[in-house]
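Presented below are the structures under discussion, each in the form of structure tokens.
Here come two complexes built around chain A, the first alongside chain B, the second alongside chain C.
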Partner chain A sequence: MSEERREQEGSLQSRIIQVIIGIGGALVFPVIAILISFVIGAVIVLATGNNPLTAYSALIGGAFGSATGLGRTLLYTTPLIFTGLAVAVAFRAGLFNIGGEGQLYIGAITAAWLGVSLGGLGVAAIPLALAACVVTGFMWGAIPGVLKAYFGAHEVITTIMLNVIAINLAYYLAQNPLRQQGPIPGTESVPAEVRIPLIGIGLGRTNYGLAIALLAALVVYLLLWRTRLGFRIRAVGLSPGAAGYAGMSIGVNTVLALAIGGSFAALGGGVEILGVYGNMDVPFVANLGFSGIGVALLGRNHPVGVVLGALLFGGLNSGAQEMQFATDVPLQLASVLLAVILLLVTATRLVEFIIGKRARALAGARLEKGLGG
Partner chain B sequence: MDEILGSLGPILQSTIRNATPLIFAALGGLFSERSGVVNIGLEGLMLISAFAGVVGASFSGSALVGLLTAIGAGLVFALIHALMTITFEADQIISGTAINLLALSGTGFLMVVIFGSGGTSPRVNGFESVAIPLLSDIPLIGRALFDQSLLVYLMYALVPTVFFVVFRTPFGLRLRATGEAPEAVDTAGVSVYRMRYYGVALSGMLAALGGAYLSMGLLSAFTENMTNGRGFIALAALIFGRWNPIGAAGAALLFGFAQAITFRVDQEAVPIEFIEMLPYILTIIVVVIAGFSGRSVAPAAIGRPYRKE
Partner chain C sequence: MEAGEPRLAAEGLVVHSNTGATAVDGVSLEVRAGEILGIAGVDGNGQTELAEALAGVRAVAGGGVHLDGEDVTSSGADARQGRGLAYVPEDRGSKGLVQDFSLYENNALKTYDERPFSRWGWIFPSVMRRSAAENLRAYDVRPADPDARAGSLSGGNQQKAILARELSGDPGVIIASQPTRGVDVGAIEFIHRRLLEQRSEGKAILLISLELEEIRSLSDRILVMYAGRIAGEVGPYATDEELGLLMAGRGAERSA
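After this line comes the complex of A and B, so read on.
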């Protein structure tokens, strides 16, 4: 009996160790990338004639040091979770979705339109408008999928072109059929009942959109690892050839992965409208979609990683405002740091160079899995 | 009829002007991709160089110094891409995307640090139009082709030069072989790493010419995100032109023509947003045609890091 039990404990122990190594391996690249980028950032701050310690303490304090700061951080984190998921789902199928920016605009204009036109329904308009965002985002996201699967057009170029097209389409609708009265360009504001409620407890404008974002991350996890569709998407990403031999349609799964990604980014746009802005201004908030690429890569294209990555990006953008106030370092420094992190996060040999070959082998194996070929 | 003929010259002139930055960037992308390294960072390299050119010209008062500064900046940031992808084996598309983000945020940051505010930089001395005597007097096409900025004439010279270098010199042969069969190049005693560094470095300097033309030829100032997707359109031109300088220049002229037309569309009849979409819709159509007709056969070893065993 004791023999058996010891064996069980042994296997449990080794499993725990495996999990720890797994998590450690997953964290090696992001942590090293973040550390190096902060060192580079410190040099930049020094070059502008400021003290890096003052700047960084204002940055971190601004992001997490007070309820107001934390509220702003969470407010910025919410859309990045959605756009990060949009990139991550596609990446699992071996596809690079740079279209999050345009997909977010498609969702935003959908919600701005339905939030007003369904305004008479009151609270019930919220789920209806958000569901419509999922649908329009799905359809918009399917376009590069179809072009890739059946016409061989590379998704990186088509999604970037579709960004400009989507933004112009949304602006056209916002300035013409949906335009509000008066001189300020933008759509009419949705009624107060159709706004996503605030969380309160001192967190400022942070609203239950954050809960929807976390739910979306859970949905992505279940979709990818607990459904047949998710299995097919990952199989196509890991080895298109093998997936094809196993009878899976590479074309269909390519379209679905990009379309599902599109629906998450569009949902994020809808949540921004109903939760934060209440209408679509022209120009509307920029770069949430592009930041989603960094969020997903930093989060190794795993939903949990995406949430953490979004929190880091949201925190940096939030804290940068305090930093600009406390020192005279422009707040764009936060975006520079994020770009450097992105630059470093897949540099496998750099990590090998820093931490040695054996550790890299563990981390690298996970990385290559994460990237899906 | 007279009106159409009369507007043909200006449309052609505008076509060349819009195509010039695309051609420079596409020639740059050609060197990088022929060596086996995807350079989706062309957009960012152009943007950084456009900014560096204005900084150089603004502090020296000389357009030439500005141009050299732009080339230097394009080279440095291309070498960052090379270091990450060739030496450290980072994913080439991700590194390129990071270069683009770095360019956008970095130029925004430096605009505030150097010029005190974002938006548009002060005006600088650029490369004004220089009419070539006699040639510019040819009816219809004379002004369009030969009353342009010096950088446009440089572009005319570079297209055949790049063709010659890539297809008729030992360097070009090695470069192309590195993109097709790096193992064979290695066996022949040529360093794959070195060839790829050359390819990416050249792509940075050529993209820099495109960026400098934007901020010191078309305009005489830097505005934030002034490249506005041109780097990606250049990439599409490269694909449609089958990684051949003459084909890429032809495709870039097509895109330049689309942009020239959009300036002439009646804004009363068609909303401005739809006019602005046109070049991007055309780009998608072109990429689809290239893919569907089997034209887009990329260098065989593109996108894969090389590791000497």
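After this line comes the complex of A and C, so read on.
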């Protein structure tokens, strides 16, 4: 009895150690990539005749140094968590969801419409409109899933194509049936009661959409590792052959993974409308969906990684504004840094060359799993 | 031991290969409780497709499959497994195991949606882990660590892990397709012992192997497959020459 208990404690200990090694291994590559990109960025800053230290302290200070800056960072982070999750869920099933952009627009137009038409319901309209975003995003995301599973169309192609359709569909609706009075193209504004409340405490426009995003990340974690559906999605993603032999349907799980991904991106669009913009202007904010691909890549398609990756993206974009204000370094430095980080995270062999094979062996297996390599 | 009731049966089974060619061309057979029915043959004479069709992972183009007297031709792998059919596929690397899953996840690969591993759509990894630890110890899988990645194990240990999963559910019928291919000697002996144990417990076992020695030493009856058909049936004491002629398609046509 006591031996069994000791054994259990031993296995608990070894599991804790495994988890720590796992987290460490997962962080090695992104952290190295971030450091290298900052070094490369420093060269660029020098070339523009500025002091890298001043620029970086302004960048980091601008992102996290003040309540206002942090608020702006979190504001930028929120939608990227949703679009990052949209990519990550699909990726776990072995699928590349490039359709986050369009899925986000589908959610945005859904929320812009229902936020106004259900406006009479007051606060109750918020959960209803967001739930509707989940449904429309699910259906929109299911389209490439069905095309892939039953007609053999590659999801990368179809999700890219569907972006164009979704964006123009949303714009059409925003400019025609849902158009507001006046010269500015876009939908009517949703009533104040239907707006997601601000968190306050000096965080500027940061609203409880952030809490919804974090909740969504938790939901993705539970879905993937604590439910039957998640078990199937992961099995199908890692080994369609073995999953099929175990009696799982590749087709059904393909459709579900893309559809669930779509519902998260659409929820992100809804949260942007009800939390930040209040209506859908034409043109609407661009690239949140595409950035989600980078966020998921950086976050290894794990919900915790997605949250951290979104925070990095949000922080760099937010801090760059402060940096541009404090120095002559252009705003685009943030984009350059992000691009270099993503390049390094993707180019595993380059990092291997830089940090040596042994270190790579520790982290590499996980990384390649994350990239499907 | 006297063989008992037929548990698994095929009647005039026709199965196509991945290329659409007829791989199994009208095979009828019966596996009875308490016997090992061996299927010998040169690789690529329809054995793989036959096993897959019997297990429910490949569509049947003609004929039928019966499990304990019930027609299961149109039911999937899931349903057949639920009726007590265990299947050890020949390709352990890409079919038997999810390489990047842990051993405990692989151990629950077919039962993840049943109690006690699951309830109301949720799964319980800690229960899976405990059950896997027991199975891995019982089947001498090394390392017996439920959290180890399946792909990190040697071929023999991977195969033992599959056997542990397939046999732990106390199935009535076992299809073992080349269960010892590419496996070390120690593991081969272990796997053979387990199959014989299952037979003496009254299980019906279909053993497909390219190794004549394995077929002869384990089987009670041997069917030889050639070009998708049963070329003949022989006993375990058949000579190399008899088997060889049948495997080359030169035997007297006989249908089982």
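Miscellaneous remarks
The criterion applied here is as follows: the second predicted complex is superposed on the first by the 354 of 373 C-alpha atoms of A that agree within 3 Å, B and C clash if a C-alpha of one lies under 4 Å from a C-alpha of the other, contacts with A are read in each partner's own complex, and residues count from 1 in each chain.
The criterion applied here is as follows: a contact is a pair of C-beta atoms (placed from the backbone, for glycine too) under 8 Å apart; a residue touches a chain by one contact, two chains touch by 3 or more.
Worth saying up front: this structure is predicted, and the values here are computed from it rather than measured.
Superposition note: with chain A as the common reference, chain B and chain C can be accommodated side by side. Comparing chain B with chain C, the partner in contact with more residues of chain A is B. When the two complexes are overlaid on their common chain A, residue A:Y172 makes contact with chain B while staying clear of chain C.
Touch criterion met: A:V164 reaches chain B, while chain C stays clear of it.
In the superposition on chain A, A:W225 makes contact with chain C only, while chain B stays out of contact range.
Of the two partner chains placed by the overlay, neither chain B nor chain C lies in contact with A:F325. When both complexes are overlaid on chain A, the residue A:A242 reaches chain C alone and has no touch with chain B. When both complexes are overlaid on chain A, the residue A:A347 reaches chain B alone and has no touch with chain C. If you stand at the C-alpha centre of chain A, chain B and chain C are 90 degrees apart, rounded to the nearest 10. Of the two partner chains placed by the overlay, only chain B lies in contact with A:I293; chain C stays clear of it. With chain A fitted onto itself, chain B and chain C come no nearer than 13 Å, counting C-alpha atoms only.
In the superposition on chain A, none of the residues of chain A is touched both by chain B in one structure and by chain C in the other.
Here chain A touches chain C in the complex through residues 11, 15, 18, 225-231, 234-235, 238-239, 241-247, 369, going by the rule given at the top.
Interface of chain B with chain A (complex): residues 40, 80, 84, 87-91, 93-95, 97-99, 101-102, 104-106, 108-109, 112-113, 229, 232, 235-236, 239, 271, 273-274, 276-277, 280-281, 283-284, 287-288, 290-292, 296.
Across the complex, chain B is touched by residues 44, 48, 96, 98, 147, 151-154, 156-158, 160-162, 164-165, 168-169, 171-172, 175-176, 290, 293-294, 297, 330, 332-333, 335-336, 338-340, 342-350, 353, 371 of chain A. Here chain C touches chain A in the complex through residues 55-57, 76-78, 81, 87, 89, 91, 94-101, 105, 108-110, 112-113, 118, 121-123, 125, 133, 147, going by the rule given at the top.
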